[in-house]
Amino acid sequence: MLEWINEFISRNLVTLIKILGFPGLIFILVFIIFAVWYQRKYLARLMLRMGPVHAGKVLGWLQLIADALKLLAKEIIVPRESMGKIFLLSAITLPVVPAAAIALIPFAKNYMILSVKGFTLPLFLAIMTLYPILIVLMGWSANNKFTIIGAFRSIYLDIAGEIPMILSAIGVMLWAGSYDLQEIIEAQKSIWFIVPQFLGFIVFLISYLAMIEKVPFDIPEAESELVFGYKTEYTGAVFLDTMLGDYVNLLAWALLMNTLYFGGYLGPSITGDPIIDGSIWTLVKLIIIITLTFTIIISYARLRIDQAVRLGWNYLIPLGVLNIVLTVFIKYILLGG
Amino acid sequence: MSPSEFINILKERFGDKILSYKIQGDKRIIVKIDSSIVEGFASFLKESGFDMPITMGATDFIKNKVFEIFYGIWSSQHDFVILFKYDIPRDNPRIKTLVNIWSGVQKFERETWELLGINIDGHPNLKPLLLPEDWNYEEEGYPLRKDFNLKRYIAPWGDES
Amino acid sequence: MKDMLPYRYHPFNEIVELEGGLFQVNMGPQHPISGQGRFIVITDGEIVYKIEMDIGYSHRGIEKILENRSFIQGIIPLERMVMLDTSNIVMGYVMAVEKLYGVEPPPRAQYIRTIIMEFNRIISHLYALGLFAESAGWNPAIFLWTTADREPVLDILEMITGARWSYSFFIPGGVRADLPNGVKERILTTLDYLENRVRVYEDAWIYNETFRMRTEGVGVLPRSKAIEWGAAGPNLRVSGVPYDTRKNEPYAAYGELDFKIVTHTAGDSYRRGWARVEEIKVSIDIIRQAIENMPEGRIRVALPPKPVEEEVLTRVESARGEINFYVYTEGRDRPYRVKISPASFRNFYVIEMLPTIQTIRFADVPPIIYSFDPWFLDADR
Amino acid sequence: MAGKNFLSRVVTPFFVVLKHVVNQPVTHKYPYERLKGFDRTRGRIVLDIERCIGCGACGWICPDSAIQMKFVEGSKVTHPAIDFLKCSFCGLCVEICPREALKMTNVVELAEDEYRELVYTPEKLSIEPNLKDILPMMKYELEPVITPRKMGYSRRRIEK
């Protein structure tokens, strides 16, 4: 038995590190703890206050652990009228979907959890479409008007955001001439795609904000109207889980943005080891992207759902199509492929 | 039009139904009218350009056994306020609503109904507004009447509790 | 027709299904946006059918309390009516008492009062702007900025009056104390700071495209309806009625100062928020003038032993709009009846009536309500 | 939309917000650093029991009925006791005191665990808080606006 385990570990060491360590579970958890802390401190700074300072002498880092422990210690309340199993299961599954999509993202050259070649970008987008379904399940099963309104708004928003996102991804695919995420990154060696694909990037950025459901598109949550949207009824550890889902979702989309437009793991060599180098550049770019995201989410007002949908259908989709046309024209006609 | 001119118009129109009047400064008229002409008086005010209600209430004159109802109306044309008052008997307080003349007095009348126990005929929305929904009027009474028992609302001092 | 529809009134149920697929959504009293009250919103999907304000959660019977206290004692509980805006509220009552007693406070007292009232208007407007931004879906950045910018003003008020909120500073016949040493310089630097910050609010908030999308053309209050329903304050002025008590019936030192009133004709939520930013600028201007023209002299005169008038109606422009006091006295040192008509009480009625003239979406309810800057404590008394 | 184009309306807010990164926080680490009150800040009231003649004017003027006159052992007259849970720190009692026996300090931290501890007996009231300078609040000429005689002063709130 032991020998078998030993052999299994030695044969699959790299895979295990990838799944459990970096860029797998432990990395995701650590990064989310960092992101939550960073969001609190950074937004506090923009709001002219300090953020948590008391727990944990240095920069209040223990506050997060304390908050998580508090949430874990709380009672999990399942509303009597709700569909208990779906109510809990959909929330628990929520972080799994974006975490599965992260498995496709190359963190360094030839370093991703799922070493598949080929259609990884369409696969990524396909996996991420499961996320709104879980949200609808959450809102519907809680059997509360606030959650249901939140869930329906989430559907509208995803329809408005996902299609432009796919259109802008098509632009990138056409420019790179590949469906593969790693090949897309490799194609950015001369210039990051944010320059040739700037129009597509604008479309991507707006639909990215819609997909992570943060201001100005936090319409499904809409605190001032819907209390907490589809998450209203969750308490304790399950609520923590939905929060986790939120941040994993943010991480997945931010990684995709990095991959498509900011050259992924590309960057000057520091240590000479391609994996460590690539990972460092991925993380640095990731932090810059989430900093920009956090700045955006406190700079704007929340749009109304009809305005958000109109923005998606009336402006983003035509822009995305225009981007594709321009890409084809420039890349394949002017530059001759 | 100045307040004194307007008082002359009112005197011409309503004669001795205007029981008394006061002019305070150049922006106020306080008129006391007979309760029989309230609606005619109000619609005349509305026609003369007094279009915005700014206050409405009642005073409990327990010694004279009357409620004095008062309405304060501002005119956007003439820029002054007329406060007209009239008495109603205290034992059967009942007035007619003026909501169809000035829509804005709706909440004020509702409040007067609630806090002073004056019945408002024809008011569209008489529901408790400020007091709790289970307020017991028979036991507790109407708060702004002068015979309201305040003693039970005095909080004990320090170590007396 | 719309507002006559009967519906079942469920005080405590979260949401009740009504006839014809209408929902009753209770925003409050436990809701992120509600405050000390409840908005009963009847919706047909996302379209609002009817809004009803359920006030009275913090009714303290201020009118009754005032009947049982002498004039000077009444000022202290009266301040608790609106903690954000105490001096403007108290001014109406103090002015009524002064008119009853037939005294005119010395000019220096009037100027000090003006300065304090305008500072009070600034902090109240700042708070209102923060809440408005929050209700339009901002993360609390604007709210915390405005809260932070209230601090220097509160410091000045504490320096002059001894308290941050409940000043207990205006008394019939004048004010309780003269300006302390060194406060003038502090006021001037604070005004400069505030002017810079107002520019920041304009850039980040008023001229923000998302905010404009959310509020422009939303909750339009036409001029005729504003008058008919009795709107008050900036809400009335942006609907095209240039009424400002400070201008139309000058009190304190406003008659001697030169300022403009902020008016507009659009009457939508956007302009109501804009008007508050503009009014902060006007207030800064008024304070500068008052500091410059401050006369020397006494700060208080004694009251005669007995009131000379029987009844009086005073109007004062508080931050939320006109507040008026009808005070009747029987010649004693206390009022026989005080009727307070605060601005929020009137504005709540306007909010209730808005769905009868236009289509309002559910997501627009919080911005519309907070564009009127209502304050439940104000309306409840 | 005073002279601003669409692009600047979208982009400017972002940079205005971003600029705040360099601003210093305005909040304080409260229990560790405290702000000093101003001279006039109205806080806890201190009684100079030697000067108090037990006239009860403070109890009469108090709008919140927070002051009651209590007997103190070894003293011939009653002295004020204050229920600080009712007190609204308006300072009228300090102002009306004919002997300046009541003084206001700018000590505002009065929180206690129990209601009873906030009811200050005359003895407790005369213990000066741990502060160097007790500031007699608002030193200015007293004019006869609220002297007891003119306002129909009565001794009805004074306990025997």
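The first chain written gets the first letter, and so on, giving A, B, C and D; residue counts start at 1 in each chain.
In the analysis below, contacts are C-beta pairs under 8 Å (C-beta built on N, C-alpha and C of every residue); 3 or more make two chains touch, one makes a residue touch a chain.
Remember, predicted model here, so these are calculated numbers, not experimental data.
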| item | value |
| --- | --- |
| Of all other chains, the one whose Cα centre sits farthest from subunit D | A |
| Chain nearest the global centroid, as defined over all protein CA atoms shown | C |
| Contact-richer chain pair [A-D vs C-D] | C-D |
| Length of the line joining the C-alpha centres of subunit A and subunit B, rounded to whole Å | 62 |
| Subunit A-subunit D separation of Cα centroids, rounded to whole Å | 53 |
| Centroid distance [mean C-alpha coordinates] between subunit D and subunit C, Å | 26 |
| Where subunit B and subunit D are represented by their mean Cα positions, the distance between them in whole Å | 39 |
| For subunit D, residues that touch 2 or more chains besides their own | 13, 16-17, 20, 26-27 |
| Two or more partner chains touched - positions in subunit C | 141, 145, 148, 204, 208 |
| Contact graph of the chains (line, ring, star, complete, other) | other |
| Contacting chain pairs - touch in the sense defined above | A-C, A-D, B-C, B-D, C-D |
| Footprint of subunit D on subunit B - complex, ascending | 154-155, 157-159, 161 |
| In the complex with subunit D, residue positions of subunit C that touch it | 69-70, 72-77, 80, 141, 145, 148, 151, 155, 158-163, 166, 168, 171-173, 176-178, 180, 200, 203-205, 207-209, 212, 299-303, 305, 332-333 |
| Residue ranges of subunit D in contact with subunit C within the complex | 1-2, 4, 6, 8-10, 12-13, 16-17, 20, 26-27, 37-42, 61-64, 88-92, 95, 137-138, 140, 143-146, 150-152 |
| Residues on subunit D engaged by subunit B in the complex (per definition of touch) | 65-66, 68, 81, 83, 85-86, 115-116, 119 |
| Subunit C-facing residues of subunit A, complex | 43, 46-49, 144-146, 149, 215-216, 218-219, 222-225, 227, 297-307 |
